[in-house]
């Protein structure tokens, strides 16, 4: 263990220690004010602790943590977002008597969210992944309305399903490892030659796909983000979802060309990218629109990873990490913007909310010179110029369209009183995040990614980033014309149908099994079964072996 | 050996002195028993050899031996811990009212608690098939009156069903014992394992004994007696029955299969047991999802969780002994996983039943629909229930997770992947029924709940402590346990590749 | 075929026939009557199998005490018989159950017909150690020495069963006296019987206990006969049924297992440990244990038949 | 055929009869009776084994005989407990049945402690 390793330990230990402190009700009431402190060691670890490793001493359970470059990227921006959202949440919780419960779920999710970026072995990864996935349930259902509870249940059902896939994948992966190691690195190294390669890849893509909301697992996103309170929605959409991204980065064998699988992931990703836009523009709630934008953006990430997987491009990991880092900042910021807009009077809406939001939104679409443009530039390498590249540009156009739609919805969601002002404790985190959306990607681009300014200002790059936005803008004008005639898709689109169908099926199965139970629990039937078991066992053993 | 004798002496003393003394004797016996169990475990852990004890100095086959191996030590410690918790929990519910010398329920509860405990320890340590029969009857006779302790008609009917079905099971077991004696002239497990040959009498005996014992374990489809019995008993008794009593007969099946006829394990039959286990998981979980009462839900969940235990048979019996020794390693993993499931379910289920008992006591009912907002009033209890539920779902970090992960790994490694599907599906269904309880419990209510009776934080603390034990079991490493290997035939020390 | 063989065949057929009657009889009472004779026939069968100890136990407990218990139950439950007729399982289940039962019987019969040879036996081993114990009846030696722990645990089973029976009393009757059943008329034949029989019965019981060391007999058989006599006295109303809170009663109930356990614990100070006897005191100790066990067994068996308390405790 | 084999067959028949009766008889009391038949059959099996093991001047192996004595006492305790339960059930509910349908009606408002 080294100094960097100690930082990693501190990054996990502080939120967990605060969680323990919550056991005392006196400390729990003080905790909301301290939320922003919890992720600070994580930020420090991201800045200083790269390359550090931490192995919990040979206790009973072997947990190992380490920090590599993509992990550090994501950890840093996630910590930044958690800090900003923490400040926002502290202010938001101020008047709530029962803030303690929210704080507990918050800290649990936070610990998991930090943990996934640094977990180095299968067990600790699964542990922190479950933490971030399941604790988020508590944040989603925070307001306790039946609608929130229903949405929370759909979320948790999909999360658990995803975890079941992952557990199976991990178990299969663990089989291949020689000796006692359960390190992810060792496990993935054996994947290309594993006899269960196909099953493992399917399970991984399904498991992490459920987390990042690849269609058709996307249904939880709009439902959950809409139900969650603003600060929670910000961290869930920004930071928590990246657990799936880091999972794909860590577990897909990006160093080895895996044709077939890569293409499949590309198709799934592109479909999500356009599907998110198509449904998103029919939505009216700005939070829902943002959720569909996340579906679309995660589709883009899936596409990039798929391209990397297809050709065996190990560098795709870092590119995706960078892209995801920008998305973390931007999406987190925009959710905070929704919250700020709701309490800002129409008169101040432009300077405080809409102007910065426009910059951030255009960044998501990759408008030239924004952080988003850098992100798109970086992922251009694995994506290439082929047909997929074209599709990616088209998806940027789609994103522009969707984000302009979002801005329109944001503009009409201002507070009732035209002159009401926002408390600084709510506005500042948002504005700081908006600033970070521009500054941080540049800083990363120039340092970690070793990028040059010349590449960014090259004419081809500028034009390549600009025309999709132009196209998107044109489409947006078109959308305003036909806007009223779009079908109204319920949030969570297919969720309603699927849930209804699943419920009906489950109920039918339940009734069936209940009837069977009544039959089986009758004495004569059970008695016959008892003797029958003995007879069958005898027969099997007589004929067996 | 002392482990059996102390609770047995407790029964005798409590019966003689009666009244208020029963509770004190039980608690004193509980702490003494815990120390003894820990001492035995420590001894085995250090010496790495099983302890054998010839009663009265008469060696088998004429005499009776008690044998403590890793499995018995683990089970004895688990039993002692759970019984101590139950004892502390029950102090309030089963104390003699002021002014009376002796009351029915406390007297019966405390004596039977010790009787069951004596039976359990006899099952864990017994090495003679007939002694084990008497131990089984000790369990049954202790458990049945606990079911009908409150004397309502439906609990009486449940107790009667339980007793009669258990008696059928014991009769079949005893018949198997007779056949073994008739064929080999001894009932000592270790001696028998050296004598048994592949012949019909062994098959019939094993089949009869297995069937009889799974009737007592309530494996699907022989579970008719369990839901009403476990749901009807008082909470402390339900915890005892669900956590420990059904495990007694299960461990006996393990003793027969893996210790008595280790050389004759039959894969087809093992697969059939596991198939029944798989059916139990699906069936028990779905029915748990459909219950309207909390205790019935937990009872059906016991049926499901018992199902997991039966995966032990195909997974730990190693069909193909490949040259490299890999299979041996994986059977060791399956062993540890199976036993860990045994232990973690015992601890988690005891905590859940007692939590449910506290909730029912506080509310005056245990309808799931009426649990709204209970978490505000009994946060520790609901938290304990949730922790227990985590273990049932197999979420990390919990004993249930490690157990299921190990079973999964063994299933896949041994090429029996079909069981892994059931294990995962069972986890999802378990999540379903745990959330069904937690969702209303955590929900906000407008009207403040009025409790029928206040619940002491001490009892909540006991439940929570037990639930935390279930969680701490998750810190067990994912590899074959050394303690369990003591006295096992499987050479688990061979490291793969 | 020898005369003995004819006797055996006849007895075996009779046992099976009575068993069929018990299963098929129309009324429960008739079935119980069948059961009592079944027990007696079975006792004969045991005697034919050279197991006189078992024959005595079967006659006393399996037929006598159990019969008395079931007889009362059958008469009390008579009103329910007609009602439960509707709950008879369907013909299909009948057939399946019959087929399975026949399969089990056939399997067992097949195993009986292919016995292990030579038949394993612990008789020689048991015989070797008899002189050490100074006990001539090998069955007693097994029960009290070789497999003493079974006997000890079984005492605990009996105690638990009794607590279980008592637990079925309503709360307010706890500590009171068991109800037994409606007493017969005073000065009826029963009373006469109850005056005449017990002195003989008690003597026989004690004798059976006493000879247990050298000839067939012992604590269980003696205890069962004593229990029967005690029950007879109580039913006839010559002595009241004791209230279960009585200290003397509790002491009698536990004295057997308590002494057994104490001797067992004392064994820790001996080289052979728990449940071993010091060489020079073996026989006296076994006899002491047997005597107290007989007392406890008689009390427990009697109270098991007497049932749960059904009267309020007298102050 | 010797006496032991003969009684062995008798025991097999008793086991089958006992099982059959315990399964199909609707009345609990008859089930208890059938259980005793089954028990008798099982014990007789021990007796046959004991008889076959006659040696060392004994008419039978004493070990299984001792087990039967233990078994008979256990079976009696079981019968006593079951009969008492049954009588109490009858006393409380006015019926003596084990079928689920009749129970579920009274279970609906069960509170549990």
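Order as written gives the chain letters A, B, C and D; numbering starts at 1 within each chain.
Following the convention adopted for this analysis, contacts are C-beta pairs under 8 Å (C-beta built on N, C-alpha and C of every residue); 3 or more make two chains touch, one makes a residue touch a chain.
What you see is a predicted model; the values in this text were computed from it and never measured.
> Of the chain pairs C-D and A-C, which one is connected by the greater count of C-beta contacts?
By the number of C-beta pairs in contact, the winner is C-D.
> Looking at mean CA positions, which chain is nearest the middle of everything shown?
Central chain is B.
> Would you identify the chain whose Cα-based centre sits farthest away from the centre of chain C?
Of all the other chains, the one whose centre lies farthest from chain C is A.
> Whole-Å distance, chain C centre to chain D centre, using C-alpha means?
13
> Express in whole angstrom the distance between the two chain centres, defined as the mean CA positions of chain A and chain C.
Taking the mean C-alpha position of each chain, the two centres sit 71 Å apart.
> Cα centroid separation between chain B and chain D, in whole Å?
The computed centroid separation for chain B versus chain D comes out at 26 Å.
> Calculate how many whole Å lie between the centre of chain A and the centre of chain B, each centre taken as the average of the chain's C-alpha atoms.
40
> Counting only residues that touch at least 2 other chains, which ones in chain C make the list?
As it turns out, chain C has residues touching two or more other chains at 89, 93, 97, 100-101, 104, 107-108, 115, 119-122, 126, 146-147, 150, 154, 157, 161, 164, 168.
> Can you list every residue of chain A that touches 2 or more other chains, as numbers and ranges?
Correct list: 521-524, 527-528, 531, 534-535, 538.
> Which chain D residues sit where two or more other chains touch them?
15, 18-19, 22-24, 32, 45, 48-49, 52-53, 63, 67, 70, 74, 77-78, 81, 85-86, 88, 97-99
> Okay, in this complex, where on chain A does chain C touch?
522, 524-525, 527-528, 531-532, 534-535, 538
> Can you tell me which positions in chain B touch chain A when the two form their complex?
161, 165, 168-169, 172, 198, 200, 203-204, 206-208, 210-212, 214-215, 220-224, 227, 264, 266-269, 272, 276, 283, 286-287, 289-290, 393-397, 405, 408-409, 412-413, 420, 424-425, 427-428, 431-432, 435, 439, 442-444, 474-479, 495, 497
> Inside the complex, what are the residues of chain C that reach chain B?
107-108, 110-111, 114-116, 119-122, 125-126, 129, 145-150, 152-154, 156-157, 159-161, 163-164, 166-171, 174-175, 245, 250-251, 253-254, 257-258, 261, 264-265, 267, 271-277
> Where on chain B is chain C touching in the complex?
1-2, 4-5, 8-9, 11-12, 15-18, 53-58, 61-64, 101-105, 107-108, 111-112, 115, 118, 122, 130-131, 134-135, 137-138, 141-142, 144-145, 148-149, 151, 156, 175, 179, 181-186, 200-201, 204
> How about chain C: which of its residues touch chain D in the complex?
For this pair, the touching residues of chain C are 4-5, 8-9, 12, 15-16, 19-20, 22-23, 28, 31-32, 35, 38-39, 42, 45-46, 48-51, 53-54, 57-58, 61-62, 65-66, 69-70, 73-74, 76-77, 80-81, 83-85, 87-89, 93-94, 97-98, 100-102, 104-106, 108-109, 112-113, 115, 119-124, 126-127, 138-139, 141-143, 146-147, 150-151, 154, 157-158, 161, 164-165, 168, 218, 220, 297, 301, 304-305, 307-308.
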